[in-house]
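Each in structure tokens, the structures are laid out below.
Shared between the two complexes below is subunit A, which has subunit B as its partner in the first and subunit C in the second.
Right, the complex of A and B next:
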């Protein structure tokens, strides 16, 4: 496609939302406090609901309005609430940051961002090489979703605490929802909802992981798990 | 109001608007900032009075400086006054001298001005002036890639790197405004402008906080008319950067599309209003964020770099 040609307003809006989601993913990479990470995750999840509404309006798919509402209820309200309660329980003193989250970066923020840019570039150019074009699959939003998947992997790798890794995993789910929305927005509602409830399983698993890690070593840092080697 | 102006007069008006509007925009920003802090603040015209006062004072140069120390402010202001010839300040159509340089040409002139001021500061031997110019050069070296990627985005969007072409592209359809590449490039440019004009979160604009100073420290040893020229120069730079942001990226509307006197006057008013609007946003940011520690500025710039690079990436796949 000729880059000087602008896409339509709806597609442009969808692409902007996808780009802002990717930027929020980078924000997570930089953010040092668990409660701010949860806030960024909330913002990202809210954006995916907005994207569902934009696509619903664009392609005339009333199902997606229901999906947007469900996803907002789950990802903007329920999951952050559960995460806050889990992290609140591990707080030694009320109002203090959960242990092991601040300062768990293995890279300095600027290097983490540069590494993230490289990951995003790999995602972008791999999807560019796949040459997926067509009216139903905007190549750009799909490539942004791929970049988001890789950056959220990066987030889980460069952080040493379970809480950030959990948030990284949840944003991975957001990225996959983004890809699903732009490629297969006509998917039956029941399937989309089933994907959403997969997230609940992840929340339960990570909840157990956070509590186990905290109960065993009084810390959320996975660095403490290395001495468990046999 | 139907008199048509010759293009050379309009060209001159572009320079005069920037030259005499710049202190006013600075005054408006200072006023808004003061009101946001609950102070009454200085008069909007205060920067003009400051300049008038400084121009009447005598000029002193530190011992051991060469002619370059006094020439630098003149060269800097001359460079700043050349840039309004290259960018769309008042008109949608290119004026005769408008095509003698592209965006990179304007960038070169901005760097030239900053280079001569830094060199003059080095000549003084004063530690604060040298510290300021050394920091200014260090940080402008790391913002340079951001500017380059913004230029790449413009080049990919329009096929040229002329600011007039981008403004025309943005005006052409709503789809051009909402596309991610355009918004990301504009956001990255805005972050660079906050850095270049010495605003929070990079630098405190007011007061004498020597240890955090970057741009402001460079003029410490100049006095009288030469200090006035440096002050005026930084006000010119601010208005030029705001003009590029508003007239090329964000809101290229309200520019004169004919040579009618009325349209040109309207364009002057619109430009100053847009610059004041950008200034209000800057003042709000000034009041709502803390200054970054010096070594955290790289993080700020890496965020701007990320945004600019994403802008180019989104264009690579065509849909951006």
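Right, the complex of A and C next:
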């Protein structure tokens, strides 16, 4: 193996995957159906696992194979399954397409994407300016992860339905996983696993609260959650 | 001592499991006893740690660690767990709810206390994050437990905002690891002690970034402005025992996480940068809270804003950096826990008595509630830092520290805003206590439409408040020697890092 070649492959893969993940995040921003949002989230999560495998092979960290498998099982299979179940159960009529969340946008899709671009640019350039990089941390992928964090916050803000807000939070977690893989790939497996387990519990709680909210108001909208103020 | 620490991790968890799994009739009979036993036992265990921790740090199994700083927060949580467990017995039986509610409340309460006791025991920043995340998950479910529109709304806001905040805190953990790994190597497990040990060699930018992200992330759970928005909702909609724990223990536990980041950041970069950041957040929170306590109608929201005020005071106290101010901060954590829990428990008695959270319909409490009325008054005076409560002593120390370290403007702002908050807090609450209850039955309580008899709802709800006031007086008049020793050790830990 040529030692000068290896970092190139890894860096390239990390940067490409980070860029595609950011694009998927924008896809989420304009997606109208909750079911499609889940699909995009699934794709994004699969990319995280791919990146973990690339890093594991490249930097010879066998722990990361386990992490990739666990992460895939959880984020590509379990979380989307739970979300689909929940949304399926909230279907008003049996067999109908999952409830649309298009009406929940506070901004038109075009403005939302524009706002997303502004957020992404802020995150990207601010993090780029910090110049945090080491032998294992490609600066570009890290800046893209920062952009993704801000866009996922944007997603949570511009949507007024519990499903999109929850998905926004899960993609925030994906963005952080990306940053963690790039910056902290050596983090002991037991801690990484604990983070993932924690996500699973959070999903269950989100699910319970989504169900509770839906059971009360017969809608996924948060527009009526305005009782508590001041 | 390992046995004590393990017992602290096992007892509340076992109590939660027992409350959740016992068959119906047995749960109804035993869940209160189990919860009270667990609460009192945990407080005893925390006290048992005190003599050892006052002299040396305890590290076990590479993932458990207790030092003076963590012991202070353990004391606050342990005490609150005990008093709130006793209070809950009275609260649950007065609610007249179906047994499922009581079972969930008891199980959730024990689990919540478990997660908050676990957080300060963790030796690693990663495990600390996990423990704080578990506190969020459990407490969000407890906020939703009342199953009303308000509770569902508050729980959703809370879980979304706090989880997003903890996302930032996770990012902080990642950068702390990155900084540490530059010096300690790849297989470093984020333990706090070695990080402080090598702090001088840590790269500056990742450390700075980690501190800011941690301040904003954990600050969300502390209730610092501008990420405090979940706090009044969650505190007002949760069952009262949960509100007391949220305010007295959970906010402090999150503040503990910030102090851990402060510790190694100050060691790495000097204390100037983290102190400035804390000062900005602290003053903003204090200003917001001091203005918002005016004109509140809901008694629990009023107390929630008072919590934001006190968290602002803690942040400002740390930003002063002088040893006397840091000692004040440590004492303030304990005194605020006792005072705020007391105030919430008193408010809970009022809510049960008047069957409303609106202060406008609560009148003549001093007369109708011969114990809870005066105890609530004392708690409000304590929260407003009137002597001889522990908060008077702690705020006095914080202001003295501010003057000693030359932060005259910040100290003056602190005094002014605390005074403003004092007016806001006392005007609404004294009206509840001293305005006599109207004579005509229809005016007394629109919700109940019946005159309210004189008397306490339950002795279980009064006893804990007496204990809280006793603790406040002890802290204010003469803190025990071992506690002051512990506080000086914690101050040395925070102050040594400069």
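Assume the second predicted complex is superposed on the first by the 215 of 230 C-alpha atoms of A that agree within 3 Å, B and C clash if a C-alpha of one lies under 4 Å from a C-alpha of the other, contacts with A are read in each partner's own complex, and residues count from 1 in each chain.
Rule of thumb we're sticking to: contacts are C-beta pairs under 8 Å (C-beta built on N, C-alpha and C of every residue); 3 or more make two chains touch, one makes a residue touch a chain.
This is a predicted model, so every value here is computed, not measured.
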For the combined arrangement obtained by superposing on subunit A, do subunit B and subunit C clash, or do they fit? fit
How many degrees, to the nearest 10, separate the directions from subunit A's C-alpha centre towards those of subunit B and subunit C? 150
Is A:117 contacted by the first partner subunit B, the second partner subunit C, both or neither? first
Determine, under the contact definition given at the top, whether A:139 touches first (subunit B), second (subunit C), both, or neither. first
Output check: A:109 vs subunit B and subunit C. Expected answer is one of first, second, both, neither. What do you get? first
First (subunit B), second (subunit C), both or neither: which does A:209 touch? second
Could you tell me if A:72 is touching subunit B, subunit C, both of them or neither one (first, second, both, neither)? neither
Look at A:16 in the shared chain and tell me whether it touches subunit B only, subunit C only, both, or neither; answer first, second, both or neither. first
Can A:87 be said to touch subunit B (first), subunit C (second), both, or neither? neither
Could you tell me how near the closest CA atoms of subunit B and subunit C get once both structures are overlaid on the shared chain, in Å? 16
On subunit A, the footprints of subunit B and subunit C overlap at residues none
Could you please specify the touching residues of subunit A with respect to subunit B in the complex? 1-4, 6-9, 11-13, 15-16, 18-19, 22-23, 26, 30, 109-110, 113-114, 116-117, 120-121, 124-125, 127-128, 138-141, 143-144, 147
As the complex stands, subunit B meets subunit A at residues 156-159, 169, 173-176, 178-181, 183-184, 298-299, 302-303, 305-307, 309-310, 313-320
In their shared complex, at which residues does subunit C touch subunit A? 124, 126-127, 130, 133-134, 137, 140-141, 144, 147, 149-150, 152-157, 159-160, 163-164, 167, 170-171, 174-175, 177-178, 181-182, 186-190, 205-206, 209, 232-233, 236-237, 292, 296, 301
Give the list of subunit A residues in touch with subunit C in this complex. 130-132, 134, 137, 149, 153, 156, 162, 165-166, 169, 172-173, 176, 179-180, 183-184, 186-188, 191, 194-195, 198, 201-202, 205-206, 208-209, 212-213, 216-217, 222, 225, 227-228, 230
